[in-house]
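Chain naming follows the written order as A, B, C, D, E and F, and within any one chain the residues start at number 1.
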Amino acid sequence: MPYVNIKITDDGVTSKQKAELIKGVTDLLQKVLNKNPATTVVVIDEVPTDNWGIGGQQVTERKKNS
Amino acid sequence: MPYVNIKITDDGVTSKQKAELIKGVTDLLQKVLNKNPATTVVVIDEVPTDNWGIGGQQVTERKKNS
Amino acid sequence: MPYVNIKITDDGVTSKQKAELIKGVTDLLQKVLNKNPATTVVVIDEVPTDNWGIGGQQVTERKKNS
Amino acid sequence: MPYVNIKITDDGVTSKQKAELIKGVTDLLQKVLNKNPATTVVVIDEVPTDNWGIGGQQVTERKKNS
Amino acid sequence: MPYVNIKITDDGVTSKQKAELIKGVTDLLQKVLNKNPATTVVVIDEVPTDNWGIGGQQVTERKKNS
Amino acid sequence: MPYVNIKITDDGVTSKQKAELIKGVTDLLQKVLNKNPATTVVVIDEVPTDNWGIGGQQVTERKKNS
């Protein structure tokens, strides 16, 4: 019954990579806590780099400077 | 003052249906907990089926197999 | 498959009221969007009034002044 | 290490305004709680006005009537 | 820079199990998306079974009936 | 109408500090986006250090090693 929300920047994540994240998190919750995969929900949010800040700065800006 | 976040897959939900969800949840909180509708906030997130997993699998894949 | 998160202040909500919220939201999603109740997840977060702000002020303070 | 999620309606917020929000929230957490800006994460979600409800009504509708 | 929120029921999860979840999710994001573990944030919320609903029913009630 | 969720570790944040965060975020949204403070909602979640991970490790462990 767990609910997992993964937030990442929207830089070209493929459908196959999303499938791997969903499968990986669901397996992890079964292995560590014996949670039933059938009711484990995973939601992935892809966030524009303009909308994500770390260190007080937009990721968009950080990438320019790196 | 409640805050409600509804996450659903983005399969053609109409504006009218969204209005019904917002009205319905707001009414429910007033009926059950006597919450003031004026400050009840409802936010609906529509999530692509590639980004939603259940049973360790993307909803996109589940629909193909059903 | 919807996921609903309800945030309310922690002022003595009873287990019976929580059950009514869960039932009510699940029914609403079935009625409006034909969502399967079996996989509809509802999570209620009760937040201390010191941790909830509206109008730039803690709910704790607002209640004192009202 | 704080994580801040800001949800606003998607009515033409500029990249510069987003940068100001990210900088402002990060500075605030440093000033009030002495949190290290380097690991303060801010995520801004822009929500369509059809998907945001207050007072039991979509923001889209409220704007029409105001 | 990912942010992951894991919501589970509060039925005696140990600190060691939480450490395994945090390590596992962080490793997964590095393996699948090459995300830097140093800025991957994981937050676990433990939710009382009275506050978690599935199938229109509190988990507390479901456990009684199973 | 913005909704802001601040997640921080639960290491003795005072009610006064919470009030400053709520006031500060509300003012920021008014200054940057001209948002009405009366309907700006701020919710602070305090998370146990066992439940917060960064760098693949619980904050509890990181503090021991620092």
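Keep in mind that, in the parts below, contacts are C-beta pairs under 8 Å (C-beta built on N, C-alpha and C of every residue); 3 or more make two chains touch, one makes a residue touch a chain.
What you see is a predicted model, and the numbers here were worked out from it, not measured in a lab.
Student: Please identify each chain that touches chain A as well as chain F.
Tutor: Common contact partners of chain A and chain F, which must touch each of the two, are B, C, D, E.
Student: Chain A-chain D contact: same residues or different, taking over half shared as same?
Tutor: Answer different: the two copies use largely distinct residue numbers here.
Student: From the C-alpha centres, identify the chain that is farthest from chain C.
Tutor: Comparing chain centres, A lies farthest from chain C.
Student: Where centres are the averaged C-alpha coordinates, which chain has the largest centre distance to chain B?
Tutor: Farthest from chain B by mean C-alpha position: F.
Student: Tell me, please, which of B-C, D-E or A-D gives a repeat of the E-F interface, judged by over half of the contact pairs matching in residue number.
Tutor: Selected from B-C, D-E or A-D as the counterpart of E-F: A-D.
Student: List the centre-to-centre spacing of chain C and chain F in whole Å, with centres computed as mean CA coordinates.
Tutor: Computed from C-alpha means, the inter-chain centre distance equals 20 Å.
Student: I'd like to verify one number: the distance from the centre of chain A to the centre of chain C, where each centre is the average of its C-alpha atoms, in whole angstrom.
Tutor: 25
Student: In chain F, what residues contact two or more other chains?
Tutor: Counting only residues that touch two or more other chains, chain F contributes 1, 3, 7, 21, 25, 39, 41, 43, 45, 52, 54.
Student: On the basis of the stated criterion, which chains touch which? Give every pair.
Tutor: Once each pair is checked, the touching ones are A-B, A-C, A-D, A-E, B-C, B-D, B-F, C-E, C-F, D-E, D-F, E-F.
Student: Inside the complex, what are the residues of chain C that reach chain F?
Tutor: These residues of chain C touch chain F: 7, 45, 47, 50-58, 60-61.
Student: Inside the complex, what are the residues of chain B that reach chain F?
Tutor: It comes out as residues 1, 3, 39, 41, 43.
Student: Which of the residues in chain E end up touching chain F in this complex?
Tutor: Against chain F, chain E makes touches at 15, 18-19, 21-23, 25-27, 37-46.
Student: Can you name the residues of chain A that touch chain E in the complex?
Tutor: Residues of chain A touching chain E: 1-9, 13, 17, 20-21, 24-25, 28-29, 31-33, 35, 39, 52, 54, 59.
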